[in-house]
Amino acid sequence: MTGSRPSVWIQDLTWEEVDSYLQHDRIAIVPVGSTEQHGPAGVLGVDTYVAITLAEDVAERTGVLVAPPIWYGDSSHHGGFPGTITIRPDTLTLLIRDVARSLARHGFDRIILLNGHKGSNLPALNSAVRVLHDEELPQVLFAVADPLHLARSSAPTIKETNEHHAGELELSHVHYRYPGKIRTDRLTDASVDFDEVFGGFVGNDLFGPAPDGVEIIWSGDEQRAFTPTGSFSSSLGLSEEKGKRYHDHIVTRLAELVEWLRGYHGPIGKPSDG
Amino acid sequence: MTGSRPSVWIQDLTWEEVDSYLQHDRIAIVPVGSTEQHGPAGVLGVDTYVAITLAEDVAERTGVLVAPPIWYGDSSHHGGFPGTITIRPDTLTLLIRDVARSLARHGFDRIILLNGHKGSNLPALNSAVRVLHDEELPQVLFAVADPLHLARSSAPTIKETNEHHAGELELSHVHYRYPGKIRTDRLTDASVDFDEVFGGFVGNDLFGPAPDGVEIIWSGDEQRAFTPTGSFSSSLGLSEEKGKRYHDHIVTRLAELVEWLRGYHGPIGKPSDG
Amino acid sequence: MTGSRPSVWIQDLTWEEVDSYLQHDRIAIVPVGSTEQHGPAGVLGVDTYVAITLAEDVAERTGVLVAPPIWYGDSSHHGGFPGTITIRPDTLTLLIRDVARSLARHGFDRIILLNGHKGSNLPALNSAVRVLHDEELPQVLFAVADPLHLARSSAPTIKETNEHHAGELELSHVHYRYPGKIRTDRLTDASVDFDEVFGGFVGNDLFGPAPDGVEIIWSGDEQRAFTPTGSFSSSLGLSEEKGKRYHDHIVTRLAELVEWLRGYHGPIGKPSDG
Amino acid sequence: MTGSRPSVWIQDLTWEEVDSYLQHDRIAIVPVGSTEQHGPAGVLGVDTYVAITLAEDVAERTGVLVAPPIWYGDSSHHGGFPGTITIRPDTLTLLIRDVARSLARHGFDRIILLNGHKGSNLPALNSAVRVLHDEELPQVLFAVADPLHLARSSAPTIKETNEHHAGELELSHVHYRYPGKIRTDRLTDASVDFDEVFGGFVGNDLFGPAPDGVEIIWSGDEQRAFTPTGSFSSSLGLSEEKGKRYHDHIVTRLAELVEWLRGYHGPIGKPSDG
Amino acid sequence: MTGSRPSVWIQDLTWEEVDSYLQHDRIAIVPVGSTEQHGPAGVLGVDTYVAITLAEDVAERTGVLVAPPIWYGDSSHHGGFPGTITIRPDTLTLLIRDVARSLARHGFDRIILLNGHKGSNLPALNSAVRVLHDEELPQVLFAVADPLHLARSSAPTIKETNEHHAGELELSHVHYRYPGKIRTDRLTDASVDFDEVFGGFVGNDLFGPAPDGVEIIWSGDEQRAFTPTGSFSSSLGLSEEKGKRYHDHIVTRLAELVEWLRGYHGPIGKPSDG
Amino acid sequence: MTGSRPSVWIQDLTWEEVDSYLQHDRIAIVPVGSTEQHGPAGVLGVDTYVAITLAEDVAERTGVLVAPPIWYGDSSHHGGFPGTITIRPDTLTLLIRDVARSLARHGFDRIILLNGHKGSNLPALNSAVRVLHDEELPQVLFAVADPLHLARSSAPTIKETNEHHAGELELSHVHYRYPGKIRTDRLTDASVDFDEVFGGFVGNDLFGPAPDGVEIIWSGDEQRAFTPTGSFSSSLGLSEEKGKRYHDHIVTRLAELVEWLRGYHGPIGKPSDG
């Protein structure tokens, strides 16, 4: 469906090729990840690889374009582990606004921020585009997408254990799409006793039932104290098959989002011509 | 349980009275709300009243102190309705950091940000304290609390219909605690067809099952287009009884949080002495 | 004169009620205070209570609306005393600009910033609106009001001693309007020898003659060194009667300001139709 | 009294000469002015020349050093007149903080910000150093000086008419110190009717009695409407003699300030050793 | 020389693998590029690919690590062409500072910012690290590297024509390392007459003699006016061989830099132990 | 050629005189310098004096106007020497933007930023105006000028030794124009061995051949370690004659720039009417 495009990636097209695209479509996906520890088995780029592969595959399927990936996110809570590179949420917010302004200048008017860093980047992404849309770019429809919400229905049917940072599903996903990026000889069992650490106010399964809870903020140093390996939940159940089911479900849902955006004759509140 | 304190509110104490408190306790609650439209029936201050009454009651029950309320939040999406006063998330973030720095200077080392503006302030609050805790105030344990998460288990058992902005539960809550603040002759039925407006990617019940979704950003003007009354869900089922059950559940849970914080010998990851 | 308004406070009105107001009037008052030590007798909220009561009464008298109060101001110089919560002037400036932008969006075009924190917030308030009016909101007439200037003529006739922070007039004012907020058993005599501390360059009476002086900047810790009680001048002369005279004078003058603003057909420099 | 210093100006010394100074003294003056219209007779640099000449003379008399002048201030209200160059108060604040940090790094610990731009720069200067002193540079004693306050007692005895922007005293001052900078053939009579423009809420004499007033914010365009010449008050009474008396009074008072600072064994609150 | 490292890229290592590296080496390279038009033949990612390939190869050769690439730079002057995504220099500066802070936290103390976006990012990179090194990270030695300066001696011997944006050398370089990224059927001859456009004040050869000149700032729209194809100089001479010679020269020089940094026992000014 | 202007300096003109100028010309020069150590012989203001004298002379010759000088620049690398006053590049950037906005408001549409602080201010100046021109002031043509580039052809023919900070040419220049500002009894021989300090990656002659190099960032403290006198290269060859030749060359080239700007009918890319 990508037609004659040499690539789904803007960085791999010339300006004339992007110009051609803009004659018939105006959707862009911006993949946002992080560079942060993912336990003994996961490479530091796991979150960005998640964003990249999802963006790439939905773009292949639907024919939209993808902007170059943002490899850095808000990872201060993982900063106690070597290799984690965190940027302040304030910085990420400014970065996203600049990228969106440039895309809008060229006529892109539906922008999907696709976050691979489950949850943690969402405050900055959300803050970035709420103000931008309200004050500067009313003509651009922004959607903020995250596997955490896109896989709500399917994740519980795929995974076999509690899923948290560097868990079974996340690592299976990257393992499926990027064989070799997961050190399969370093998978770990769960290592955080959430009730002991967080008193029952924080759930241990991102896709499971949550307690009547609050958000507890912890620093990188504190994290290293409660999980010296960096692992939050078991990754022993890793499999290519789980990764594939999880990946396909999200890509399919993102493709539906793209189709809906294509048919949308906004602004929001005036969705259709009919 | 408040002992001899003349008030739970810091603004109603002298500095010597706060000094006395700090001899035996170091917890503070900061109520954060908004000034934004809540349909034909709800006053603009609904969210702040929610934060105020929850803070006040849990403080009464547990003996902790409450900082003066923040009446302004991130409400750009309601800005199309007269009276809504929104501040940029970047501004709210700076404000929260300054307030927390002052509290920390005096020795408060467990700070609960209590958000009454369900959801919408969370990105700014979260961004504010993550950086602050990691870079400047490692000694302060921050918890970000919101009825949305504290009432997860009870809300579905109390409400009779979908609950969204200015819905049955929210208005019942304020009606119960502040009789007269809700115009009971102006209650409305649901007025947003979420599937038509958001294509099935956004749920219509903050306490109910959610779709495999994304976050769609809308402006104040767009909101006014899709809900000319400002109402998102039915408030016809408003009752003092519902408000009471909802309120009591959250206060009880917050009181448990306070007790847990009191016993916590952090930093996080080193929860207990035993 | 408030007609059928259920309240002078925007937070206690629905958006439709604010909309009605805007059909006939476009003035808003924004009360700005502080949370800072006011000696052994005054509660920490004294400045905000001053702003609130003045705003409320002038609004009752003239029929204008009041935005929710800002409880935090620039109080770094009081930061050595427990309970003082200070925000940076830069933060206060951003906050004021956001609030003003929202009011302007709805059509409010005469905004009175009513400062209860005598003097100390004025730099931030002034900086906030000068740029805003010149660059963004030329259509809005801003007035920055402070008891320090509004009571110039009357204060000297009411007070019996030098008036400085937490002095006789300030505490009488709050005592008159909010009985119980002043600990009348903890009134203090003057405790700062201004000439010794400030070398004759700073006056000890905010409403009295001032020396050929300069502004000396002191920190919270320094303040605690030169006034261990937090008191600057005697509050022994506190009386309800003084508070009433002071309050009534300022409210009357503010009411005159409101009337003048109503008749003003700006922009400034083109005041009248005649 | 300047000893062997080749100059009072830091920019006219080598680093070794500044180093010598710091062996025995630690006071610096930072002159801050503006570039803004001063009516048909005054050059745009009037305010900066005021700051420069006062700084220079007090430094000559007392032997302290002066930092290079800041020629730009917060002059948005004069921006309607060609040649006015205004910087945002936020920018001035950052600039002052950086300059102060550098001075403090070298050991200067008493810094006088000497404002020649009567009043208008004070909010930014004040905001700059309050935070800086409280959070970063507790060891530096900051004084913010302005002719408006230093000449309180003498100005009324010198001038013959109301003194406001570009008035008799200000222009006499520059005329006395910089012959030729005032176009004496372009002196003007008063041209603003303050009561008509500001309704009696703003005084027309910076050194005279003021009404029970407020601060009204006006833009550069509005100013040009109410005073097409840029003049606020009469400069017809200009004389070298008046300039001299005004200048000498302020320099003398500043010299007293320098002496007091030299003897101060702060921090504030611990003024003396005795 | 990379020993047992699975990759030179931090994002492709686990935190434990980075930890191992830090036991014996503390150098990191941060590749910074841009996403901007490079004429009809060059893809938008040319600059980032330059930074990536140089970083990767010098890391392979010397055994140091590379942080994930930054795909966005300061490209406002190319913003008139579809696909160009520019971030403000202020944003890039904040981003670089955050990345450097994270690296420094883990013990990296020699950081090479490797810019592939010839020239245009240098102001932001330079501003970012000058302040950072002076105020926050004195222990980190920063080097800012750019092909423009690293290839000074060799570029003139390789290229056959004037080299400017999207010129022969730049495209040969990417063509050599990433076959297929250059549309060899869309190479163009020079299209900007520098003397006509810039009056002789701007040179047309980044590696050639320059006039007695100044920097002229142009916008994206202006650029499109003076070079409708986006090409500045001829790329007709593109060849793999030129790309190889250029690449090898720079990689060799960067490797020498790495070796020098390894032996440096700073801080700067104390280069050696001997 | 200055016609009847009383001065080339805006600060020495009244607003009416600037208004007259704007009837026939729209060029302004903004001199930017620094206050930083220039070795035992040079005063701290050397860079600003360079900017001032060049601006003044080219303005005299061509009849354009000059804005008041900016005495502070980005000098953190000299901050280890008493008297150096550095401002952050971020601050300088904001300052330049504000000054440019004011000039543009009055109709100046060709602005030359004339930097006397060779090199070090360029990142901030460049960052300031690139964004400004692209986003806010498309109608203003900005040129950033520096002796480093304007004297490319002549400097090597004048100087007799390597020229770096506080070198022969720089000091000759100020000595020629401001006799007495250079302590001719304190001239020094070269004191930095660039190869030892910078490993051959940094050139020791700003006007000579440069190595295949990188930019190494050093702090003020580090600088003091590698050049305890503050001198980088020999100033023993100082002469008035060299200063004159250098000065005249640059002024002539700047005058050519002014003439070119006068004839330019931009925007850039549309240079001429013909």
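The letters A, B, C, D, E and F name the chains in turn, as written, and every chain counts its residues from 1.
We take it that contacts are C-beta pairs under 8 Å (C-beta built on N, C-alpha and C of every residue); 3 or more make two chains touch, one makes a residue touch a chain.
Please read these numbers as outputs of a predicted model, since none were measured by experiment.
Undergrad: Need the graph distance between subunit A and subunit D over the touch network, please.
TA: Between subunit A and subunit D, the shortest chain-hopping route counts 3.
Undergrad: Measuring between Cα centroids, what's the chain most distant from subunit E?
TA: C
Undergrad: Using only Cα atoms to place each chain's centre, name the chain farthest from subunit D.
TA: Relative to subunit D, the chain whose C-alpha centre sits farthest away is A.
Undergrad: Interface overlap for subunit D and subunit F, more than half of numbers shared or less than half: same or different?
TA: same
Undergrad: Starting from the mean Cα coordinates of subunit B and subunit D, work out the distance between those two points in Å.
TA: About 47 Å, centre to centre.
Undergrad: Centroid from C-alpha atoms only, then distance subunit A to subunit B, rounded to Å. What do you get?
TA: Computed from C-alpha means, the inter-chain centre distance equals 27 Å.
Undergrad: Using mean CA coordinates as chain centres, what's the gap between subunit B and subunit F in Å?
TA: 55
Undergrad: Which subunit B residues reach two or more other chains?
TA: 79, 88, 90
Undergrad: Draw the chains as dots and join the ones that touch; what shape do you get: line, ring, star, complete or other?
TA: It is a ring, because the chains touch in a row that closes back on itself.
Undergrad: Can you trace the ring for me, subunit C first, then subunit D, and on through the rest?
TA: Traversing the ring with subunit C first and subunit D second gives C, D, F, E, A, B.
Undergrad: In the complex formed with subunit C, which residues of subunit B make contact?
TA: Interface residues on the subunit B side: 9-19, 22, 35, 37-45, 48-49, 67-72, 79, 81-88, 90-91, 94-95, 98-99, 102-103, 105-107, 181, 183, 186, 230.
Undergrad: Would you tell me which residues of subunit C are touching subunit D in their complex?
TA: 74, 76-77, 79, 88-90, 93, 112, 122-124, 126-127, 129-131, 133-135, 138, 141-146, 149-154, 196-201, 210-227, 249, 253, 257, 260, 264, 266-272
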